[in-house]
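Letters A, B, C and D name the chains as they come in the text, with residue numbers starting at 1 for each one.
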């Protein structure tokens, strides 16, 4: 199939994010997927460069091969073609046991160490806005070797310090004291890695495992490193930018729109001008 | 053999008292015991303590209706049909409800511990997060930790003495008064067969002191016992049973019917305010019984939601809408 | 899709090294991976560390053959066909083997902990018994507690801080190098479907670093995935697969064949002495391969053991004999 | 059916033991059963006075109703008609959770506090004879509200102190110190009871819950309390004897030999003289 890159007018931002996320997956990996764009990204990887990846849905579907995109991890479509339809105890036990290579997650806020908040905006004890809560975000992030966050980029979301650490980044709190330590010091046998990338609507960010700090890796077309730095409340490291985020290929766009999400449940189709 | 476990929807709701702690079957927007949730709202139950592996529309309905004083869980929303729990969020903002946050795996391990009669589980999840921040112990801050239903501590830290695996979080067993399950089939003596993912249903059934099972069908016990390795929950773990077709609506049931996304979207859109919730409840809950509710939903909608028996999901639903 | 997981019996045995720790599927005299146990004996494996939820004939064969240095479990025997483990007993008497005793539930919870990646489990079983007598810590007394495969302590005591439930025993995760399972069906990619009781198979498969599945049949993976809620172990938890019909003989397999009680009785009667064991092994193990073994057993016996497909057990076997 | 007591020549000792054990079961109880005579006893109770008892087999069969006596708890006959065929994790979790009313167990040695040994004869570190090991004996005995032991009565088996406490009686060891304490002090929330009876080949023994000591309740026909006391190494309390163990009824014998164990796998048929 046509592996040429598509032209800018042929795809939208959601397509770009989906393809960038898909390329984080390597073949044969065991991937823990949430609902929405991550699921499209993983299934895209399955159709293209990672045919042997194994998909786990938090609700209990193990090595799933849904024929159509499920709209939720509890969806009946998850069960079809799976190795097992089971429950949460299996899904989380498998994760804690160390089987999971990669998890895709989202967040409302992220800080420079990859700590993510999905719990509340403002003081936890008197929040401005209560959000959905953690879900499995901290669990997948605790147990997987790598996690990738997909986020809408607004300056208030790329914050100096998240209101509430829902999901552990590279430098976390050592409770009950609360002093900041490297994740490695806290996790012991469960230390297998941590957040490896944030894919925002402006660019792709990665982390330095030692310092635990985020840096800009690639900019999506039309954004400069400096512009992206201005869109962060913390001082973004732009010294390691490797170039522009690669656009979707025609093959990828075909799979997204003709095979995986023809109903445009998660990814709208760019209308020809 | 009849076991005398069969009760009505009204009787089932009466088992849940003001102040009871309560949990449910299902996952987010799937297999939630809605017919009974509606009945609890009709009976104007108060002061409930929900302890849920994860929340969903059932949380939002009960919270919106003012039935809930404490919510202990990890997540609430309507997935694709409403991205957060607007009723819970409003009540948190107004300090009308206490929320105790754990992670999803912690909640699951808490129920697993309770289900196996252990007082707690050890895990390495969520280390270093604010879930473990001692200042954020809501039930402790409220002086409610009595060591009976509510454990003396939200969590404790320890170290693995066996393999040097490092820091461990001890999370207390999730003990609840009543579990309400919504499943495809239950036998006359209580044996449950769940089709598809069983989520955390086996754990919550066993963690509770009283377990009520609502099923699409009550089937002959002998039918289920012919293939005992296909069953999900044991007869004697179930105290009461009732047959309530389409009882999970607006949530979905594997192999039977899909999620009614349009209904959930309407709920989510209309219940940002208390007035909006009250209006919705007046339209869809109060003054109706379960059959009246189904009549009001109507045949075209229900036939459209009905799952294709080969595929196990509806081919008629326009998804994401 | 072929996964390249298929290996031969000889290759499977070679995965188990001298000194490996090892565990098995099944329960007492049911679904034990005998074809592979025989092959390990033929290959004269030494220094094995068996960690078993419970023992059975497979223990007695491996112990009698001198393959085992350490046995960590709770029970060994042949049920109705031999009331204790005569080979183990002899080697214990001669101090040729180390035995570490736990209770049955403790062994199960140890495997459950390992399977869920926890370093230990807490339980209230067996409090006050000599299982917890500190003087009877065999692996500790032998100086073998390295904190890697063998935990630093046999157990630890603690108190429940959450509900005042009292004394708790912490039992370390049972970590093993290799699990060998013997089941009815495995798919080409490793998905396992067990019929009937699954005992502790899901836990031991996940607790091990390498999991080998011997099945009566390797079936198309698609066949198993058509009903994913009937499967027992996930594809990616299984590293190697092999098809070995009647591979559990002389133990039984639900729905396929009964226990060969006469064979076990003969083994039990003849192997009270080492000479007796060696004689039995010469007759039934060495110099044979699996097909030669089946030929030697012969059609009349195997047809008699074969389960009636409606009842799931043999109607031909004269039981208790 | 004929509920008259059978005449001495119509039954054997195994029949008497089986019926005595069966009468320990009450209707609606959840009973944890091992292989052999206990299983016949429980199924006998199911056929007679306790039709609604629920049977659990350790291997994972829950609420079982085997059509024939299984020869082991892993037997395919266990699965037939059961509520669930599952695994050990369910069986032991259900037990620890407190569902089990009664467990039937065996033993090689018992002491005056109901501590039972199935592990070894002689010093554990240099045993005269290694036995089968604990199996689920201590687990069922720890978690059930009542346990009943069925044992061959030899003087060396009714011992002052068992070689090894495999299964906890009423007065047990408080480790690591090892001082003897009442079971109630040790078990906390898991304290639900303990050994309630020993049915030996000579008589039926019970326990005083407070002192934890065994006493003789009934003598099997042909044995006097004094003779039975002489067959114990400890000083047996015979002050509370209530009479003779009731013989089997004709109905019970019918079920044992015509319905439950016609193959005489566990209970031999008494041959007419």
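One rule holds in what follows: a residue touches a chain if its C-beta (ideal position, glycine included) is under 8 Å from a C-beta of that chain, and two chains touch if they have at least 3 such contacts.
Each chain and its UniProt protein: A, D = Acyl CoA--acetate/3-ketoacid CoA transferase subunit beta; B, C = Acyl CoA--acetate/3-ketoacid CoA transferase subunit alpha.
Model, not experiment: these values are computed from the prediction.
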Path length in steps (a step moves to a chain that is touched) from chain A to chain D: 2
Which of C-D and B-D has more C-beta contact pairs: C-D
Interchain centroid distance [CA atoms averaged], chain B/chain C, Å: 38
Gap in Å, rounded to a whole number, between the CA centres of chain B and chain A: 27
Residues of chain C engaged with two or more neighbouring chains: 117-119, 123-124, 160, 163-165, 196-198, 229
Multi-chain contact sites of chain D, meaning residues that touch two or more partners: 61, 79-80, 85-86, 89, 92, 95-96, 143, 189-190
Chains touching one another, given as label pairs in label order: A-B, A-C, B-C, B-D, C-D
Partner chain B, residues of chain A touching it in the complex: 35-36, 58-61, 71-80, 85-89, 92, 95-96, 115, 119-120, 124-127, 129-139, 142-143, 164-168, 172-176, 178, 181, 183, 186-191, 263-266
Touching residues on chain A, where the partner in the complex is chain C: 30, 52, 54, 61-63, 65, 79-86, 89-90, 92-99, 143, 189-190
Chain A partner contacts - residues on chain C that touch it in the complex: 1, 115-119, 187, 189-191, 206, 222, 224-225, 228-229, 231-237
Residue numbers on chain C that touch chain D, as the complex places them: 26-31, 53-55, 73-77, 79-80, 83-85, 88-89, 92-93, 95, 99, 101-106, 108-109, 112, 123-136, 141, 157, 160, 163-167, 196-203, 252, 254-255, 258-259, 261, 307, 311-313, 318-320
Of all residues in chain C, those that touch chain B in their complex: 117-124, 147-148, 151-153, 156, 160-165, 168, 170, 172-173, 175, 194-198, 229-230
